[in-house]
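The following blocks contain the structures, represented as structure tokens.
Same chain, two partners: subunit A is paired with subunit B first, then with subunit C.
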Partner chain A sequence: MPDRYRRQSPLAHLGLVARASEDQSAEAGVVMAECPFCAQTGLRGDGSLARFGNAVKTVLGIAPPTEPNTVTGPEDFADGARILWLGPDEWLIVGGDVDAEPSGALRLALSDRHAAVVDVSDGRAVIALSGPNARDVLAKGCPLDLHPRAFGPGRCAQTVLAKAHVILHQIDASPSYEIYVHRSFADYLWSWLEDAAGEFGVRISNSRSDRNGLLGGRVTP
Partner chain B sequence: MLLIPCPWCGLRDEVEFKYGGEAHNNRPLVPDVHDDTAWAAYLFMKKNPKGLHLERWVHAAGCRRWFNVARDTVSNRIDGSYKIGEKPPAIAAETEESA
Partner chain C sequence: MAIGVSVVGRSFKYHRPRGVFSAGVEEPIALIQLGSGPQTQPNMPATAVELSDGLVANSVHCWPNVNRDIGALAQWLSPFMPAGFYYKTFMWPARRWMVYERYIRNAAGLGTAPTEADPDIYDKMHVHCDVLVIGGGPAGLAAALAAGRSGARVIVADQQPEFGGQLLGERLEIDGGPAMAWVAAALDELAGMDEVGLLPRTTAFGYYDHNFVALLERRPIAAAETGRLARECLWKVRAKQVVLATGAIERPLIFANNDRPGVMLANAARTYVNRYAVAPGNTVVVFTNNDDAYRTAIVLAEVGVKVPALVDVRAFAPGALREQVSAHGIEVLNGWSVINAHGGRRVRMVDVVALDEAGAAASGSRRSIDCDTVAVSGGWNPAVHLFSQSGGKLRFDNARACFVPDVSVQSERSAGSCAGIFNLDGCLEAGFEVGAAAAADAGFTHGARPKRPRAEAPEEQPMRPLLWVPPPSNGKRFGKHFVDLHNDVTIADIELARHEGYESVELTKRYTTLGMGLDQGKTGNVHGLAVLAEARGNPIPAVGTTTFRPPYTPVSFGALAGRDVGDLYDPSRRTPMHRWHEQAGAVFEDVGQWKRPRYYPRSGETMGDAVDRECLAARHAVGILDASTLGKIDIQGPDAAEFLNRVYTNAWDRLPVGRCRYGLMCTDDGMVFDDGVTARLGDAHYLMSTTSGGAGRVLSWLEEWLQTEWPTLKVYLNSVTESWATASVSGPLARALLAGLTKTDLSADAFPHLGVREAVVAHLPARIFRVSFTGEVSFEISVPARYGMALWTTLMEAGQAYGITPFGTEAMHVLRAEKGYIITGQDTDGSVTPIDLGMDWIVSKKKDFLGRRSLNRVDAMRPDRKQLVGLLTDDPSDVLPEGAQIVGEKLPQPPMPMIGHVTSSYYSANLGRSIALALIKGGRDRIGKTVFAPLVDRTVSAVIVKPGFYDPEGARLHA
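What follows is the complex of A and B.
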């Protein structure tokens, strides 16, 4: 993890904070925001062992989900960590503030078990996509069945979006999504999303980050 | 375009997967006892059937797990999928014997 004063979000160069404060059309079909600097921790271990789940639960208050492609934890990650299923022995823990990332405590709790805990906070950018047309935008570049009966709130999936590997997490039924994409693809994916959402009207927002009490898109030294 | 049933993630689009060749073709555990003929049989001699084929796939853009798929090479019909280390489903096994 880089020093706090050197930290820069993957989309800082787009000036999203400034764009969000501009006067924008209120009738947007899609609202886009970056969620900068959220703590992400990779977790590996044998999920079929009760003591593995219990050890994680002791530290985080929630157990890793055993059902594929689901998420445990609060809707808003400012309210505490949540855990995304990535594989039968692999999870992604998404915490609130990057400085409070839980890998140290978790590593200690799992030290006598066959498990791995890795801080991957700066590896992925998180883009929040919401609004009545959010699903239509995703459907343009994603082979996943996004219909509510197949993919609803509390579901996550690793898939491709506009050919970029992403983790997709549906937060609520409005619908609103969070898209985790590798840092080097963040600029490309943001541009693609904004272009794809153009026909519905796009509003750039800071609300996602404001609600989480996180920093804005840029850290001033 | 195929819809491939990942044993963990369910039906997903073919673009998320990579093909891994014939299944149940295991590397010999004691390589020293194999002569060149046996190695050639392991490496190059594939079944290449017209009909039911048991093959490996990896959910590369998804959960990144390897698993086996029973697919008909003529119609592309997929009879099912099963995890690595498991026996093929009974339906697939019967069809293969009769083929």
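What follows is the complex of A and C.
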């Protein structure tokens, strides 16, 4: 395995770790964090076949969702693998550290059928957005209906946010979200989010699970 | 008004003094320049601007000031300025128009645009709701209550700072108490509902398809918050159901000099008294064709304003109201008409004339009445603008001479006076009905409805559908009768337009500029239609209306731009090595949304110096290029080779694992679409590369074919463009450099040109492609993007010993042009076939592929199609401009038949001369011939050659 300290996350140049440790207002309406080095695997296959779903479940412990725009995974999506529905034959598997090469076992399990397992961990940045005004910030740039009656925890969607294509996943009702954006757009989208959230007060965090204004969880280099 | 200002601005065409005409957004004439410096806003209707401490406002369209205005000389020239004046006067000679235009443009226009950047910020919000209620008057609030009580998600927007609509300017009662108390209670109840949002100061300005409605919210913010809080917010609302409660707009009656300051709408006069405690004048004559203005007379008299007379064009009089008016000592003149107003900067007197028995001619006795204000009412026009924008069809109501909503097209309902209901009780009833029905259609019903509040519904006498005063018995009017106060359009102008053949309302509008002002004719359009209808001898419905277009009221550019300004104007896509390029002082180039280093100037170097140095290094030592932006598509499945066969012009069946091949893709019309190298990574696993700008479009194109035409092909595509960072090292020392960083055998035998290897480079997992866009031995090294910077810095450190030189896109373009390699999108433009490019070698004759049949069309096989050739200028130091037109024969002056154009052109340091690629008609048959590029300052001669100027045998490539 290559030296971890040589890797750079998509937003490494913004010095977010340092900013997170600075004294920040506790009153922030929006908390933002980069979730770096999160393993992501693109999965293509025939979702209508039980054999396919079972094969995935055998490896990951969870089956790919068949209901459009939903996510399967642990209760609060805090840890462990989760699978986002992107299309009738397309999913995104998320979880674990990228250098653990999590897609190898799945590729092996599906090798005897028509499916594609592609490591796309580096292709997208993951931005965690939470806080009482998180939904307001998204509403400034996302045309989807994110009202709790229409979009709640466990829902995901491929949509646009500002001028970037994103995958949006609502984690919990607080509300907190994870936003997957193509790596090259990450700098733009982060800047846009900070700008849009400015009026509510922004706090930078180091942890994707930092949803209630308390610094907790792991701090990743 | 309270301190006696009567002239607010000057009119558009004649510079006549103008005062306040209305009390709302319909204001056609009282326009002001609001604020100063970078925040100034031109042409704001004074009647719709909320007062605040320190507000700065100036009159527009006058010099040196509003009371002494040089432009007012235009009034004396007005007999020479009829409708179509500009078209008629400035037509000859046609070439002089450019000169005239400058002066005309100067004379036109009202306020002044700011010249500095706007320091304010603007926001946008996307919201969805079950019921959007537009208008917060009695009908709108009633609808919101009914919908809100059902649990539906409701948004109520009103353009005014306070809710209440027309009630704000009235002294009416609901359920026996003040109407505004009911409004306050309704707002309290609505504010307590979790799913109801109240948006004051918010104008619904556009109603689009699928119940998409745009709202503009103006937010009063403290000066200290400028740049932190948004001053305006554009709400993009997607509503399941819309309730239009947009109210009605009073309209005037037209008489001579009806634009004099002091002439105002009757309900505006009432509103200034009731809402703002301001008397509109000291002596007010009320002039009407309906009951409503009687209430104005009563309100004015009650607060002590002198009302010498109420002039009613109707011969009959409403019983109870007339008695109340008379009780205040006001003379009621039934069957009379105001025909003229006297006075310059303020009305001083009106002439009134008794009408004949039919009411058709102003032929009776005549009087003059001293006054400083005329409160005028010609009835009401429902505000059907949004209804019409939604696609709804209007119907003309003859009794009230107004357009009302008829047939709905989208999920919307009109309630209250915008639906032609002109009494409070009716508005409340309609509001509750429509609000509940809208909620029910959105899926929300609630149990027993509470009893609705009641208001008085007084008996109304019918209005007289007359919009301008009858002419004297000889039929000849005198003086200007203004239909459109904003653009100075008179009855005579419309009649003239019709006389000159502009029968259609759309043509009349454009010829006279009727309704084309900032107010979009809110108080004058129906009059204009009526005048045209009468001139044509048609009823009004036969004339129709002009189109109601968004926006209902003007919208600032700032709100439309939102946050997409400055650095956030457009995304700039960055590669994982972007920071290194920045620190190396790279000059960036936009390639699509990507920022790519164009060249890396050293201190004192020009662009030419830097590009020459970079080009020489890549051919004589080693150059390094950030190639991360190239599109990469992962292709997997048993039918992958067949799929490639169908999308590329060449054959893919025999490509072995571990090898790459260059491919050319055509659209179905046979034109070159994209190109790139595709590698076979496994039995059923390929990696396609595309151009940087084409990555998205190629993936969409391939998915479209897979999903719609070839669903049986077992192929899955995944975009991996952004997953990999790619550095390309190129040049005679590239192999030696890379050999120090990997154990993979890089020798020409073990790793030939167009090979691909999984490898470890600099202790990083990598793929090495031996492909070349420079014609030198090149290795493209891809690593997971998180290691892109590590790979780059390692290569740079290790490369110092070899004189490694980073090169940008400009040097890359020069190097490939030296080899005659094309760039799709630069040397092709969607009208170029592979054959045109001389790339027959890559077009298979044995299989079908997208675009193949089109290549056999007669047009695609014409011998005189433009073909790609090289150009060598006779003067080797002369670099042709890209895009230069090429002619075969130099004539003394144009026109000269064009035979082609230059697509790529550079100075080549490696060749010590200029080179160019060009598309020339029948170019391959012209090789060796001299052609010319006539430029502005010189004509350049050049010889046509084969494209490919450097190492045409390709020896260096395979070294």
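Simple rule for what comes next: the second predicted complex is superposed on the first by the 198 of 221 C-alpha atoms of A that agree within 3 Å, B and C clash if a C-alpha of one lies under 4 Å from a C-alpha of the other, contacts with A are read in each partner's own complex, and residues count from 1 in each chain.
The definition used in the following text is that a residue touches a chain if its C-beta (ideal position, glycine included) is under 8 Å from a C-beta of that chain, and two chains touch if they have at least 3 such contacts.
The structure displayed is predicted, hence computed values, not measured ones.
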### Query
Touching A:174 in the superposition: subunit B (first), subunit C (second), both, neither?
neither
### Message
In the overlaid three-chain picture, which partner chain does A:162 touch, first (subunit B) or second (subunit C), both, or neither?
### Response
second
### Query
Looking at subunit A, does subunit C or subunit B touch more of its residues?
C
### Task
Have a look at where A:68 lands relative to subunit B and subunit C in the superposition and call it first, second, both or neither.
first
### Message
Quick check for you: in the superposed arrangement, does A:206 touch first (subunit B), second (subunit C), both or neither?
### Response
neither
### Query
What is the contact status of A:24 with respect to subunit B (first) and subunit C (second): first, second, both, or neither?
neither
### Query
Touch check for A:88: first (subunit B), second (subunit C), both, or neither?
first
### Task
Answer with first, second, both or neither: which of subunit B and subunit C does A:183 touch in the superposed model?
second
### Query
subunit A residues touched by both subunit B and subunit C?
143-145
### Task
Over in the complex, which subunit B residues touch subunit A? Could you list them?
8-13, 15-16, 61-65
#### Entry: Residue numbers on subunit A that touch subunit B, as the complex places them
68-69, 86-88, 90, 143-145, 157-160, 165
### Query
Once bound in the complex, which stretches of subunit C touch subunit A?
123-128, 153, 228-230, 236, 238, 563-564, 567-568, 570-576, 578-579, 594, 629, 634, 636-638, 714, 716-725, 763-765, 784-790
### Residues on subunit A engaged by subunit C in the complex (per definition of touch)
2-3, 6-10, 13, 37, 42, 44-45, 89, 98, 114-116, 118-124, 136, 139-145, 147, 149-150, 162-164, 182-185, 187-189, 191-192, 195-196, 198-199
